[in-house]
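Listed next: structures, encoded as C-alpha cells.
Each of the next two complexes has chain A plus one more chain, namely chain B in the first and chain C in the second.
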Partner chain A sequence: MIKTLSHDAGVTVVRPGAERLSAANAKAFKDEVAQLIESGSAQLVIDLSGVSFVDSSGLGALVGLLKKIGYRGDLAMAGLNADVAQMFRICRMDKVFKIYPTVDQAAEKMADAL
Partner chain B sequence: MLAHLHTHEFGGQDLPAAVGGRTGQRPVAADASTPALKVIVAEDSELQRLFLCSLINGLGFQAIEASDGCEALDLIQTSGAQILISDLKMPHIDGISLTREVRRLGLPHYVHIIMVTGADEVALRDDALRAGVDDFITKGSSTAILKARLRTATRLIAHADALAERTRVLTETNARIQDDLRAAADAQRQLLPTLRDDILGVRVASAFVPSAIVSGDMFGCFELEGGKLGFYTVDVSGHGIHASLLSVAIGHLVTKDFFQSQAFDDAGQPDPARLARVLNQRFSASDNDDYLTMFCGVLEAATGQLSFCQAGAPSPICISETGEEHQIGDGGFPVGLIPNASYVTNTHTLAPGSALVLCSDAAGEAENAAHVPFGQARLRDVARSAAMQDFRTLPQAIVSALGDWRGGNPLDDDLTVVVFKRTSNND
Partner chain C sequence: MTRATFHMRNDPADVDRAVVALKCHVANALGTAGLFRFELSLAEALANVVKHATTSAPDAPVVIEFEVTRDAVQVEICDPIGAAPFDLRDHAHPLESIDLLAEEGRGLGLILNATDHMDYRRKADRMCLFLTFLKSKD
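Right after this comes the complex of A and B.
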C-alpha cells in the first residue's frame, strides 16, 4: 500500500497510500515500512499530507516503527493536517517524533544531521 | 417380457434382460460406498419410461418411475430425489409446468431437471429454460449422451451438497463464537462499578457501549479514604477482542485497594500520575503495539479539588451550574506506549453544582453518512444542554445524539461516558 521515494542523502520518503491510517490498515502499513527498514532504509520521512485521519491503531503503528528503527536511523513526519496534529499533541507525540510542515524540510534536517 | 424389444427411440440398443423397477433389478451404485442417486423419470409412455429407467439403473443410479407430472411432483417431495428427467409433452401437467411447480416447492435441496425433447420441440427450449430447466436431452440420443448428462447432474449435486455442509458448519461455528463473545461481554460488564447515584455527595452517571459486543474501554470509580472519590477511564488502542483483553486486565488490576495504594504520593497526597507511571511500567514491555489512553483522578468531595492525570485521553468537559463549559487538561503521554514516559498530576477545582464529563474519543470521531465527524463542538453542546436539565440523562443524551448522527448505525469504536456532578450549594 505504501509508496516510497528516494530523496537526497539517503533519506527515503514514505507515503502511506491511504487517506486514513486506522485499525483496518495499520498493521499492513507497519509491516510494509518495517520491511523497508529491514532492507536498509533507516532514514525515513513519513509524508502524512494525504492523510486526513489517524486513530489509536495508526498511532501505535507509527510508534512501533520508531521503536523498530531505534538506533539504526531516524523517523520524522511531515504534512500533518490540523486534526492529526491535534491528536499528536494530546498524546504528546510531538515530543516523541520530529514533526515538520513539509517533506523537504524534514528531509533537509535529516540530511544535515547525518 | 420386454427382453427382445428393440426401441426406435434410443439408439436401437437391446433392452437388458431385466428392467429396473418391474423385475427387481437392483440399482448398482456407481461407487460402492455411496448410495445411488435417485432419479425421477416422468414419462407417460410406458415403453419409453421403462427403457429410460433401465438405462439409468444400469448407469448406477436409482430410477423412480412417474407416469405423469402429478405423480412426479409427489415423488419429488417424498423421495428426496435430486434429479428429474421429464418428458416435455405429458397429460395433466406437461414438462414445463412440472418444472415451474418443482421450482415453486422451495425444497431445501436443489433438483436438477433434465428435459427430454423431440427434435421438433427445440423451439420450446427457451420457455423451458425460463421455467427453470437445467439441461436437455433429445429423444434418440445415445446412452453415452444420457450418461454425460447424468454425470453433469451428479457433479453439480455433489458441489451443492458440499457447499451446504460448509455453510452448516460455518453457521454453527459462528453461533458458538457469538455465544462465547456474549459471555465475555457479560463478564466484562461485571467488572464495571455498580454506581450509586450519590457517592460522598458526588452524583455519578455513565454509559458503556461496546462497538462489537466486547469493549476495549474500561472505567472504575471508588469511594476512597478521607472523603475522596477515585476514578479512571481507559481506552485501549484499536477495538474488538484483543483490545478487550487488555481493558479487562486493567479492570481486574485496578481495584479500590490498588487505586488507593498507587494514586497517592508518599506523603499521602493525591498523585494520579503515579498510578499512570506504575501502569506504564507494567504494560510497556509488550512486543505488540497495544497501548491505552487513560484519565484518572482523585476528587475531594468536600472541597471540589480535583487532582488528575490525563494520559492521552481526550480532555474532559467541565460544565458549570450556569452552563459555562470548558475543557480541562492539554494532554499527556498514553500508557504502555513509551517506556519511561513522564506523567504529571494537575489540579482543578470543581465548583459546586458543576459537572465533569469524560467521553472516549469514539464520540468526537463518529462520522455521519457524509463522513463528517461529530466533533468536539457538537459534543460540548449536547453535554451542556443535558447538564442544564438533568445530568443523569447526560450519558444517554450523548449516546442518542451519536446514534442520530450515525443514522442509526452503530459506532465504529467503543464508547464510554462517565459524568460526575458536584452537589450544588442549593441542593
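Right after this comes the complex of A and C.
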C-alpha cells in the first residue's frame, strides 16, 4: 500500500497510498512502515498531502511508528490538509509530531539536524 | 425535513465507504466545521460498532438512519441484532486525559467531543446510538 521515495541526505518519504488512514487500513500501514524502519530507514517523512481523513486508528498507527523509531532516527509529518491538521490538534498530536507544510521543508529540516 | 436509511456490512472494510456516502448526503446541511465533526464521529462510531458488536448474526447489517431537520442533523446507528449493548459513555475517556503516546483509546472521546448530543437506548429490537449535530454550531 505505501509508496516510498528517497529524498536527499538519507531521508525517506512515505506516502500512505490511500486517501483515508482509518481503522480499515491503519494496521497494514503501520506494519509496512515498521518493516521499512527495521530494514534501516531511520529518517522518515510521512507525506499526508494525498490523505483527506485520519481517524483515531490512523493516529495510533503514527504514534506507534514514532515509538518504533525512538532514538535511532526521526519521524515527521508533512502536507496535512485542514481536516487532518484539525484532527492532530484535537488529539494534541501537534505536540507529539514535528509537522511541516511540505515534504521538502520536512526533509530539509531533517537533513540539517543530522 | 429529509430522512434516509443506510445499511453497512458488519465489516471494518465497509466503514469508510459508508462514512463517505453519509457525508455526501449531508454535505448541503452542514458547514465545513460541521461536516468535519460529522465525518469524524461517524467514522469512530461505525468502527466501534464493528469492533465491539459481537453478534450471533455476523451477516446482519448495521442500520444507519439519519434525519435532516431545520436545526440539526440526527443520526441513528443501530447495532446488529443480538449484539451485546455497548454504551460508549461508560467507556470513553476525555481526550485530555489520554497519554500522548497512547496508540489507542481516543475514538470514544472523539465521538463525545465532536457531537452536540449523544444517547444510546433501545429502539424496537436493537440498541441504537443517537448522534445530533446542530447547524447553529457551524
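Going forward, the second predicted complex is superposed on the first by the 114 of 114 C-alpha atoms of A that agree within 3 Å, B and C clash if a C-alpha of one lies under 4 Å from a C-alpha of the other, contacts with A are read in each partner's own complex, and residues count from 1 in each chain.
Convention: a contact is a pair of C-beta atoms (placed from the backbone, for glycine too) under 8 Å apart; a residue touches a chain by one contact, two chains touch by 3 or more.
Predicted model, so just to flag it, every value in this text is computed and none were measured.
A.B. asks: Check chain A with both chain B and chain C modelled on it and let me know: fit or clash.
C.D. replies: Overlaying the two structures gives a clash between chain B and chain C.
A.B. asks: Once the structures are superposed on A, label A:Val14 by its partner contacts, choosing first (chain B), second (chain C), both or neither.
C.D. replies: In the superposed model, A:Val14 contacts neither chain B nor chain C.
A.B. asks: Give one of first, second, both or neither to describe whether A:Met77 is in contact with chain B, with chain C, with both, or with none.
C.D. replies: After superposing on A, A:Met77 lies clear of both chain B and chain C.
A.B. asks: Tell me which of chain B and chain C touches more residues of chain A.
C.D. replies: C
A.B. asks: Can A:Ile90 be said to touch chain B (first), chain C (second), both, or neither?
C.D. replies: A:Ile90: touches chain B and chain C.
A.B. asks: In the superposed arrangement, does A:Ile99 touch chain B (first), chain C (second), both or neither?
C.D. replies: After superposition on chain A, A:Ile99 lies in contact with neither partner.
A.B. asks: Given the touch rule stated above, what does A:Gly60 touch, chain B (first), chain C (second), both, or neither?
C.D. replies: Once the two structures are laid over each other on A, A:Gly60 reaches both partners.
A.B. asks: Have a look at 8-16, 206-214 or 224-232 and say which bit of chain B overlaps chain C after the superposition.
C.D. replies: Superposition on chain A puts chain C right on top of 206-214.
A.B. asks: Is there a shared patch on chain A that both chain B and chain C touch, and which residues make it up?
C.D. replies: Correct list for chain A: 23, 53, 55-57, 59-61, 63-64, 90-92, 95-96.
A.B. asks: If you look only at chain C, which of its residues touch chain A in the complex?
C.D. replies: The touching residues are 12-13, 15-16, 32, 36, 39-40, 43-44, 47, 50-51, 95-96, 98, 100-104, 106-107, 110, 113.
A.B. asks: Taking the complex as given, what residues does chain B use to touch chain A?
C.D. replies: Contacts found on chain B: 235-240, 289-291, 293, 312, 314-315, 330-334, 337-338, 341, 361, 365, 413.
A.B. asks: Would you mind writing out the residues of chain A in touch with chain C in their complex?
C.D. replies: 20, 22-24, 53, 55-57, 59-61, 63-64, 66-67, 82-83, 86-87, 90-93, 95-96
A.B. asks: Can you list the residues on chain A that touch chain B in the complex?
C.D. replies: Of all residues in chain A, those touching chain B are 23, 26, 30, 53, 55-57, 59-61, 63-64, 89-92, 95-96.
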